[in-house]
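Chains: A, B, C, D, E and F, in written order; residue numbering restarts at 1 for each.
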Amino acid sequence: MFYHIKELQYQAKPERPDPLFAKQLQEVLGGQFGEISVALQYLFQGWSVRGNGKYKDLLMDTGTEELAHIEMLATMIARLLEGAPVGDLEVAAKDPIIGAILGGMNPQHAIVSGLGALPADSVGNRWTADYIIASGNLLADFRANLNAESQGRLQAVRLYEATTDRGVKDMLAWLIARDTMHQNQWIAAIKELEEKENVVVPSTFPRELEKREVSHVLFNFSRGEESATGRWASGPSMDGEGDFQYVQKPLPLAKKPVLKPAPPYIHDTLPSVIKGDMLPPNIC
Amino acid sequence: MFYHIKELQYQAKPERPDPLFAKQLQEVLGGQFGEISVALQYLFQGWSVRGNGKYKDLLMDTGTEELAHIEMLATMIARLLEGAPVGDLEVAAKDPIIGAILGGMNPQHAIVSGLGALPADSVGNRWTADYIIASGNLLADFRANLNAESQGRLQAVRLYEATTDRGVKDMLAWLIARDTMHQNQWIAAIKELEEKENVVVPSTFPRELEKREVSHVLFNFSRGEESATGRWASGPSMDGEGDFQYVQKPLPLAKKPVLKPAPPYIHDTLPSVIKGDMLPPNIC
Amino acid sequence: MFYHIKELQYQAKPERPDPLFAKQLQEVLGGQFGEISVALQYLFQGWSVRGNGKYKDLLMDTGTEELAHIEMLATMIARLLEGAPVGDLEVAAKDPIIGAILGGMNPQHAIVSGLGALPADSVGNRWTADYIIASGNLLADFRANLNAESQGRLQAVRLYEATTDRGVKDMLAWLIARDTMHQNQWIAAIKELEEKENVVVPSTFPRELEKREVSHVLFNFSRGEESATGRWASGPSMDGEGDFQYVQKPLPLAKKPVLKPAPPYIHDTLPSVIKGDMLPPNIC
Amino acid sequence: MFYHIKELQYQAKPERPDPLFAKQLQEVLGGQFGEISVALQYLFQGWSVRGNGKYKDLLMDTGTEELAHIEMLATMIARLLEGAPVGDLEVAAKDPIIGAILGGMNPQHAIVSGLGALPADSVGNRWTADYIIASGNLLADFRANLNAESQGRLQAVRLYEATTDRGVKDMLAWLIARDTMHQNQWIAAIKELEEKENVVVPSTFPRELEKREVSHVLFNFSRGEESATGRWASGPSMDGEGDFQYVQKPLPLAKKPVLKPAPPYIHDTLPSVIKGDMLPPNIC
Amino acid sequence: MFYHIKELQYQAKPERPDPLFAKQLQEVLGGQFGEISVALQYLFQGWSVRGNGKYKDLLMDTGTEELAHIEMLATMIARLLEGAPVGDLEVAAKDPIIGAILGGMNPQHAIVSGLGALPADSVGNRWTADYIIASGNLLADFRANLNAESQGRLQAVRLYEATTDRGVKDMLAWLIARDTMHQNQWIAAIKELEEKENVVVPSTFPRELEKREVSHVLFNFSRGEESATGRWASGPSMDGEGDFQYVQKPLPLAKKPVLKPAPPYIHDTLPSVIKGDMLPPNIC
Amino acid sequence: MFYHIKELQYQAKPERPDPLFAKQLQEVLGGQFGEISVALQYLFQGWSVRGNGKYKDLLMDTGTEELAHIEMLATMIARLLEGAPVGDLEVAAKDPIIGAILGGMNPQHAIVSGLGALPADSVGNRWTADYIIASGNLLADFRANLNAESQGRLQAVRLYEATTDRGVKDMLAWLIARDTMHQNQWIAAIKELEEKENVVVPSTFPRELEKREVSHVLFNFSRGEESATGRWASGPSMDGEGDFQYVQKPLPLAKKPVLKPAPPYIHDTLPSVIKGDMLPPNIC
């Protein structure tokens, strides 16, 4: 169960409105690695942890914090949109600044949300749960989380570079620091689980059931052998279960597949027609 | 540029058709972590690497191999669908086996694809590029890749448990082994980059620009202090830049935001109406 | 900013696992009118309210409660999935109960989420922010909210009818009661705003600017005059601005449009080709 | 069955082309509350009404009219795009007007639709049936319709404010008037149904089956008591079934949930690993 | 502008309810090639035709008819759902028929639409305008239409094979005949346009501007020369502009691309890190 | 199985960066008819062909080539983005060129992909498998392919018109030529299949089972008889099975449908309420 207080976790106040930056900032609110994604990803993972304890609590702590970040960004975007102009763009274009604003802002910020934040990314794609990950396997999911915080901090840094507004920079500097922590915490949790289990997820599948002869092999499918010089191509494998091998010219291990004709009630192209699709003997 | 040979990388032949398992197997072909996702993710990352060398080559090697896995799964699914029945489900239900097949198979396997594989997951959602990640930052992206291979191997293992068909198990055992390698290789590449850069992505953002006072702090937003016992709550941080701290009762650092009214041409609720939304003085 | 406590707002404990009902119950978690929708809809509306006061607070109160409902449903679904079987469906079909479970459950509950809830509806469509509404105009949005609670309660009632599990029914009976309150509260808020403004949204657009001659007219576009007998076809209009009229044979008010040819660089079909698309004079 | 005549219901002729406004106008054609949404929403509701009579006829009358509105908007957009430039944007930017047009117009209007309207919104999201609602319960659905017409009129008004083209304004003034009627008619229909049934949807669920102790309670989940001053917090409830109550400090009614471990074939994190996730006794 | 009459274009009455077939039949209502797709595709094409005459009229005739087909299918599906059971699936599974119905039907038919048709396909994906095509070039679009009618008739035929209900078969036999006509009419229109223009779309692009040396060449990118035996590999090309050629071993025509480093403010991996990604000299 | 070489099939080198054109060019990479669509469409069709021979080989040849086109476009877009500015848009707007670039480019090219290509179209919609078609029926699918190459070439030509960069034009001229070939080859294959089967897909459905009385009839559903003058309205039908007929005033062939009430557990509006929805006798 959740409680809300109206104070923000950290201030979200731009020096001045900037509808163009409002559009860009949507990326870290409603994009693939925006705050909606991390909030719901951590909460769904937390709700699915089977057992209570530090991992579940960590997920719930962090997921709940991310809700506060959605709030901060929604507030910042609403303020960046304050007083955003609407108007005839061709007319406005005579004033390059107004023209740039009208031409460059997200039209839905005026037409749809009435100068509020949208649950969408910087090009207007609505947020979708396609973005989130919760598998029930904590090591797998903490890797997803580390990725999300890496992509998220990268995007926040790029946005930091794209504005001169000190209020916006101030808030981003705070969110970037939180992403620093979140990367640190998932790394710590991953390290612990990797030590308890194995680096390969899931660690519970008996290794003798997989085709071990290809468990540590790099196949050179892209001509050129630059990849042969990497750590992944020789030496002991990271899972301690073998040695990396490099196969310069990978060959297929199976024959051309031949599929049987479909039954007549499927009305695929008839075998008798496909037969015309046979090779003349002298070409085979 | 690509060349194709018709031989499969590894065999994809079930003992017998099984339209129900065909539906489930779609998950690792066209789902969030299916082979389409990893193939296109690695290729898009590879095409964006600015510089040529071992990282780019590794991405192209692996992306190209994943195309062969799409092919294997498409072939396996087509074979699992061979001779799939269509018919009146209520009638068929009198024979529990036929009833279960008709009731449980993906109807699009008959109606739409004519007993071929679909670019979709196990519940029929079409594949979408929402699933893939390519940021231009290799450490971030290799973490995305490690996650993808972790989730992918986990799903393949779950499917392995769900069938008794030796042909299907044989192919899955091979794909699981490849996922073992791919986890190993991304771990190796990540380790190398983390040593060259820093564990925090992007490593190029000057640390003094972020709010360092919260860069290593765990806020206890979910009541209960289980998370305080984790490695992430005390001791040196993983990035070597400070010490983890734990804040038991996190407080807001900013005031309640007040948004200014929208301009009249937006036609949000009028301030005069909202004013009725003011608190009576004795409650403020 | 939010705080979380691990206790549930209300209990979410089924009498026994039921993976089939778990699939259906996803509708009110991750469907168009599920708890994710109402939670994010109310929060986004609340964050956009320009002014602080009772309307904003009501939105934040209710949005925060809905987060607790997501949690209850995620917990219930995880419990309904406890011990869910995986296995060979054709084999299983010999036992009609096991066959029905394997054939009817959402395969992603096993393969993707590891027996956890999914952010998806009852047929597996991932939740999307397409479902939510926040326009900045409170009367418009409260109508959206009343609709959401109406659809949501209807779906919860239908699910209540579809189970015999007393634990599930108990939780649904609680959620249904909350939907009762939420319908009541939005009706109250709507009534208040309608009295302050006008029933037509937005009330701030000067009526003389619209084509008032059709502001209260019902056009009979579907042959048959049943609709003429409704309150909406005669008598004073609901907005007090005129009288309803009924037009039995609506006629077009404009001519056939003729579009000018596209410029050559667009490469639409050439006018000279379209010209062959002219009528012979005797038919015009 | 439908008949089409080529005359427009109302004229759709701009004074001059304006590719930038064409992009914005897409919102009310193919957006969440555009004409495609209302047309298909009313028609699907109408086709599902079980019984014939005035409600069904009203739905079919209005749905059929909305088809004419799609047509008007598609025509207007095609005309606004007449002669739209294509060209080198960097070159064009030297002329601010041309630059603004090329930079601000929807590139798909040139590349994809050849200067025709798109079934998409103002940022290019393709229309989706996620937007529409048809539940079989008329009171629920008429509330959805009232919301749709409220949001739709609001958007049309915002667009009216954003143009100086008298032709566009003329058409919008007509559509705004129709939205006025449609809000009026759904209000009339809702009022009638509310009088026959109850304001709470569905009215057919026996009230004694819901947890009546929370059917009229406002929980104060967002700190601050502004919401306590609203009509929804005290006095008789709108459904006539009780009195509103306000709970200042809502408490959870259930314990922390504990989920049982997943079966081994799911390969979630093992209980023995999670066990490491237990609290040390002195913290519990 | 459109008029509606309540009589159906053709009868849509099953012998008996069949909720399982209702689910499958959704494919040709709301799937990729269902009636919503063709209706909106033809209407959008028609509204964009620049000029009036037989092509525009044909599009409007056919698009308007397809609206009647949506109506027929919506009616049929509602009737197939009449009296559909809801209930406890595990209990029901004891009766194989009821179990098959509950397990196999689309749960949204009960929970969401209240036994009405959904704007969705046979696996529950909501209809999306991603499915439709309108380019402004008639020859291109008529090819899209011919494809749509080919796929649509194929799906209708597959559904015809899947039922024994004479009422359903009767309606499908009628829709299949209409698809026969629609294929015929688009073929006729295509033939006419191909004679006026050229078979290659768009015919207006000056051929000398394209790289004519590869305008009629088949590159053998998939090893094996079966494709060399086709009409497309030798003889005069279909556009009368050259002769087909077959290239057995296609070679790249360009060098390996090298991308320049990103500017620092993008925070991609640094060139100095990538430099570690260089090949040792002896391997280059 | 696939092999990759790093050389491009054809050069992809612009004269100079142009982030605005990069955005537009995304259409033919990741749009509905972009190279991802044709690559995956042909490969999925090829993998599903039941039988080996020239048709399958042709599909695999062409699908594999399209992978090389994705690569060319990804490379071109990365180069067009080289050195793309980020920065304060309002400030930048003072320099119209920089302002146009910042305002007009896709913000995700900086924030998300780090100056790499996106798997998305020109307005930022992520690629989706909704775009692709593979039915198992070759004639149907080759028609889909001909359409895809027609739309694709049309879009490439429109982009060719929109740039003055000789490097971009050079690459587009090459891709346009390949589209010329691909249209030619699918026409050739279609012609061959139409001669072996019949022009109506699927040719295997017994014609006597369809309602032959409407198999060659054009219904005039859009008032005006322009369409009566087309080849499709008279003369022998294209399938050689009859003569086209034109019906000037199409009439319904069935009565108004009446749907039975829903069972009470569905909680649709009650029949007794709908009964109020009956017509008074004097109006029926």
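The rule is simple: contacts are C-beta pairs under 8 Å (C-beta built on N, C-alpha and C of every residue); 3 or more make two chains touch, one makes a residue touch a chain.
Every value quoted in this text rests on a predicted model; they were computed, and no experiment measured them.
The equivalent interface to B-D, defined as the listed pair sharing over half of its contact pairs by residue number with it, is A-E out of B-E, A-E or C-D. Among the pairs E-F and D-E, the greater number of C-beta contacts is found at E-F.
Chain centres here are Cα means. That of subunit C falls 29 Å from that of subunit F. In subunit A, the residues that reach two or more other chains under the touch definition are 1-9, 32, 48, 50, 52-56, 60-61, 63-64, 68, 75, 78, 86, 96, 99-100, 103-104, 110, 112, 114-115, 120, 123-126, 128, 130, 135-137, 139, 154, 157-158, 161-162, 192, 202, 205, 221-222, 224-226, 228-229, 250, 252, 256, 259-260, 262, 265-268, 277, 279.
Residues 5-13, 32, 46, 52-58, 60-65, 68, 75, 78-79, 82-84, 86, 110, 114-115, 128, 130-131, 133, 135, 137, 139-140, 143-144, 146-147, 150-151, 153-154, 157, 160, 173-174, 176-178, 180-181, 183-185, 187-189, 191-192, 199-202, 205, 209-222, 224-232, 237-239, 241, 244, 250, 252-257, 259-260, 262-263, 265-268 of subunit A are the ones touching subunit B in the complex. Contact residues of subunit E toward subunit B in the complex are 18, 20-21, 23-24, 27, 31-32, 96-97, 99-101, 103-104, 121-125, 154-155, 158-159, 161-165, 221-224, 252, 256, 258-262, 264, 266-271, 273-279. On the subunit E side of its complex with subunit A, the touching residues are 154, 157-158, 161-162, 225-226, 228-229, 265-267, 277, 279-280, 283. Those residues of subunit C that touch subunit A in the complex are listed here as 1-9, 30, 36, 40, 43-44, 47-48, 50, 52, 60-61, 63-64, 67-68, 70-71, 74-75, 78, 112-117, 119-120, 126-130, 132, 134-137. Remark: subunit D residues 1-6, 48-56, 86-94, 96, 99-100, 102-104, 106-108, 110-112, 114, 120, 123-126, 135-139, 192-193, 196-197, 202, 204-205 touch subunit F in the complex.
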